[in-house]
Amino acid sequence: MSIDKPEARVRPKKLPLKQRYSLLTRDLDWEPNYVTREQLYPHTSYEGIVVHDWDGWEDPFRLTVDAYHKYQAEKDKRLYAVLDGFAQSQGHLTLSDASYLNAIKLFIQGVTPLEYAAHRHFAYLARHLEGPAPRFAALCQSVDELRHAQTQIHTISNYNKYYGGFHSWSKMHDRVWYLSVPKSLFDDAMTAGPFEFLISISFSFEYLLTNLLFVPFMSGASFNGDMPTMSFGFSAQSDESRHMTLGLEAIKFLLEQDEANVPIIQGWIDKWFWRAYRMSALVAAMMDYMLPKPVMSWREAFELYFEEQMLGGLFPDLEFYGITPPKHVNDAIAEKDKLSHETYKILHNFSFAAAFTTQTPQQEHMAWLSEQYPDTFDRFYRPTWEKHLDIEAGGGRAFFQGLPQLCQVCQIPMGFSEPDDPATPSLRTSTFRDEVFHTCSNGCQWIFEREPEKYVQAWLPVHQIYQGNCGGPTVPDVLAWYGIQEGDNGEYKGSLDQQSWAEWHPTSTKEA
Amino acid sequence: MSGTLRQVGIDIQESEENRALIDAIKQDNPDLTVRHLPGLVKVQSSGQIVINRETVESHLGREWETGEFQLAIVSYAGNFSEWDDDQIIVKWEH
Amino acid sequence: MAVKALYDYDFPSADRAENFGDDQLVFVQWKGNPFFCSAAAFRAPKAMPFGEFVAAMVVPWAGSDPEFDLAAVHDWRLFGEPLTPADGVALTELGIGHKALISFSA
Amino acid sequence: MQYELRYQVLEPKRQSYQNVIDRFGDQPASRYLEATLDVEPRENFHYRPTWAQDRELYDARFSALRLTDPYSFTDPRQYYYTPYVTSRAAMHDEFGKSLGYLEDRNLLARLPEGWRAVLGSVIVPLRHLESGAQLVSVAGARFAHGTSIEQCCTYAAFDRIGNAQMLSRVGIAVGTGTDEVLVTAKREWLDAAHLQPLRRLIEEIMIVEDWAEGVLAVDHLDKLVYPLLYTALDEAALLSGAGSYSLIAQHFASWFTNQRRWLDALQTVWQADPENGAANTAHLDRIATTWRDRALEAVEPLAVVIDKQVPEAGAVAALEGLR
């Protein structure tokens, strides 16, 4: 083309957004013919999922790399301004109470490593999924998850300077008993094939339960004066809405591809709902017991974010594909009045071996709990807390003098009750290759029996201690191996954090 | 369940900037319920929620790209059935 | 259902009996007492007499509840079935094997 | 009152996380270090991967190149997420401005015929090469051992798709806002003789099991492609009335400079490793022997096409200088 008289400033035609996005993403892919598809994508066949047309994948966000960098840089600019301001003004002194930070300790030890794990394994999807569109969405999510891990590390870095329990989060995630709960969940997902990982994390975790897990956490942070955590949380959640979209698109795409996929996916939904729900027990305990100023009860959050939005909204949508609500969902519903109490009791019993502290709820807190849980709290849980208060009034503090029995699947101490009966512990046993395996619930037992070859491998912290693999035979040996430092563990009242807090707030009245 | 009027919802971070966005959503979705939680605003509606670029711009007093919605959103329940240069729609599909 | 994998997916149990040598794991539950969130786990010699097991392991654990009274302990059960313990008899001879769950009331 | 206390400096109980303190003593640490060191899990994995026999979820054996301590390597750019996206936001912003300038004046469509052909048949098809390189880098994001290394691979993977998108936008601009040039370029990527050695090479690199070997194989290719097309050709463009190409090429050249920083540093650390240094050096030599000549064979036909279209470009000679 040669132009004698150049027309200056011709506005070129503009491609429609959708077409332009497609050219910039999926059109980059090509059909290889110097190597085979099987050589290039060796991991997409063995799970039994059938995909006929990878191009059926839609990405409503249509985020290109330049837009990604622009928006994300802006988000981080805002976030780090909050972090810097908070640190410079010694903002930690304006928290509701130092005991609030126990929730954040649990967060960096238990959740931040999951963000990191998600980062690594979405990179696996970005390598191994065959379709260019889901690969790109997975790549974006991989980078986002790295962001989440890092912004959390940076947010909490400031608290780490002044309070215990934050300092060795990474090592602790690999070693400490209660952290094997989240770790084993992600290990389970990552060791599965790419499609199961996609359904477990993108759908069951990110779409089904993320709201329940994160939004109340962040509102709690806001309510207790923790602006940095609220800021990183909401900032991360803005990425999360893209991830939720990936999860929803993933499930619809796979269900639309082939009818043979439906029962496989139903099985994964059944498994992963329960797996993720069980882990959310830690969040339930945090919401109801660890926030000095509670913002919303577990029960209320469960009803709002899970029953109303997911069971009421999402599942009727999935019914179209022949998908039914998760197999053990009624057990979860039946537990909503019990979960937080039973879980916090576990943490309270065992915080001598944890990198956070616990305390028995005081009367005012119990009044709130009985208001939130009129059917269960006074009848089943208050008497035990009263007993603890009596012991403490006499100068004692009762911990569990030993180690607990753990669930083979979720790895939480077996402290849950039968769905319909708070007075009876829920204990299930299965036998596989002449060995007994204990599980805490119908859901965990079902998961075990579905894939016993997988769960027999579990690194159960209690059993590992007894095998001599955790630093030595005594509690101090194990705590040293965990990386727990003086003042990290035990009872909050009288702890180093509480002493520092009192010293930094000399006129504030001390809670008994 | 056959109802097309199931609830959809969007959680938006509470901030000066987002106030105009929320006002725009209110204007375009008359049935909207708005709930304030610490740090965030939860909007819910039966059937669907529509966000129009033009309405947001009129409340914001400047140009606004629908992509910027990603800076505001915390979470949602529903499905992005439409997200183009002019409009975002959240609703259930089936 | 076997685990779907790219190879024959078969691994030994992490807690198989042989990993504990002459010992084994035993779980003990105090029924009806919510003061303890869960059953306790112990590592005990297979040949340990039941009475010694109770005295050396169960009592120090259960005793952290001020209401514990050894004399009141009754209704021993093994996996929910009635168990008639005899202080001098080894755990395994009572049928209490690796990872057995026993319970009592008090 | 706590009021006064807020104006008093509280003595921190520790300056950083314990793992950082263990390495450098109790002193304030950079955000890069806190966000990078020892983040990857090390032990007590619960289950074995269903997709890899005899491997743990994180395992040094995913590559033959190993470090005694993975954190003996740190990124000289000190990129954690925020500086990374901030730097790339600026890069894409500048690229967008350059491209916008060219688009507004329709300058790419009005390049001399030969240069237009070079763009359409050599430069724009490389968006597929970048896409392939992305697949290779992202394997490192998953399988590299140690956060400091995988983090670099992660950003490199994202950069690659960014580069592919920049090239695609160039293609759209050359096609005056249409997809015509992209369509032709893709057809050539699939069929044209001068691109087949390159496509064969990247496809074969994409299936290399050892993630590090894959990344290095791409690097042997990059070390020819980038200096040739975005530096040597840039100069030729300036001298032969194709300044518009120079405006584009500069962004790719500066990206390559940035990419070299971590990759060169990593190779130095691999070779210097106290335990694995000798074995690493032998592996690096073998990798170079395997892939360098093939890279040259794959790039030569591009240089020939360039010289045919723009005889004054001197691409073949420039490539000769790069061997």
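The letters A, B, C and D name the chains in turn, as written, and every chain counts its residues from 1.
The definition used in the following text is that a contact is a pair of C-beta atoms (placed from the backbone, for glycine too) under 8 Å apart; a residue touches a chain by one contact, two chains touch by 3 or more.
None of the values given here were measured: they were computed from a predicted structure.
Asks: Is the C-beta contact count larger for A-D or for A-C?
Replies: The comparison resolves to A-D.
Asks: Which one chain sits nearest the middle, judging by mean Cα positions?
Replies: Centroid comparison flags A as closest.
Asks: Per the centroid of Cα atoms for each chain, what is the distance between chain B and chain C, given in Å?
Replies: Measuring from centre to centre gives 56 Å for this pair.
Asks: Using the average of all C-alpha atoms in each chain as its centre, how far is it in Å between chain A and chain C?
Replies: Their C-alpha centroids are separated by 32 Å.
Asks: Return the distance between the CA-based centres of chain B and chain D, expressed in whole Å.
Replies: Distance between chain centres: 38 Å.
Asks: If a residue has to touch 2 or more other chains to count, which residues of chain C qualify?
Replies: As it turns out, chain C has residues touching two or more other chains at 3-6, 9, 11.
Asks: What are the residue numbers in chain D that touch two or more other chains?
Replies: 48, 50-51
Asks: Among all residues of chain A, which ones touch two or more of the remaining chains?
Replies: Each of 43, 46, 193, 454, 457-459, 464 in chain A touches at least two other chains.
Asks: Which chains touch which?
Replies: Those chain pairs which touch are A-B, A-C, A-D, C-D.
Asks: Per the contact definition, I'd like the list of chain B residues that touch chain A in the complex.
Replies: 1, 3, 6-9, 11, 13, 37-40, 67-68, 70-85, 92-94
Asks: Looking at the complex, which residues from chain D come into contact with chain A?
Replies: 1-2, 5-6, 10, 12-19, 21, 31, 34-35, 38-51, 57-58, 80-82, 85-86, 88-89, 91-93, 95-96, 103-106, 109-110, 113, 116, 127-128, 130-131, 134-135, 138-139, 141-142, 147, 150-151, 154-155, 157-158, 161-162, 164-165, 168-169, 172-173, 176-179, 182, 186, 189-190, 199-200, 203-204, 206-207
Asks: Given the complex with chain D, which residues does chain C contribute to the contact?
Replies: Contact set of chain C toward chain D: 3-7, 9, 11.
Asks: Within the complex, which stretch of chain A touches chain D?
Replies: 1-3, 6-15, 19-20, 23-25, 27-35, 39-40, 43, 46, 64-66, 68-70, 72-73, 76-77, 80, 89-90, 93, 113, 116-117, 119-121, 123-124, 126-127, 132, 135-136, 139, 142-143, 146-147, 149-151, 153-154, 157, 160-164, 166-171, 173-175, 180, 183-184, 187-188, 190-194, 454-455, 457-459, 464, 483, 485, 500, 504-508
Asks: Please name which positions on chain C make contact with chain A in the complex.
Replies: 1-6, 9-17, 19-20, 25, 27, 29, 32, 34-43, 57, 60-61, 63-66, 79, 97-101
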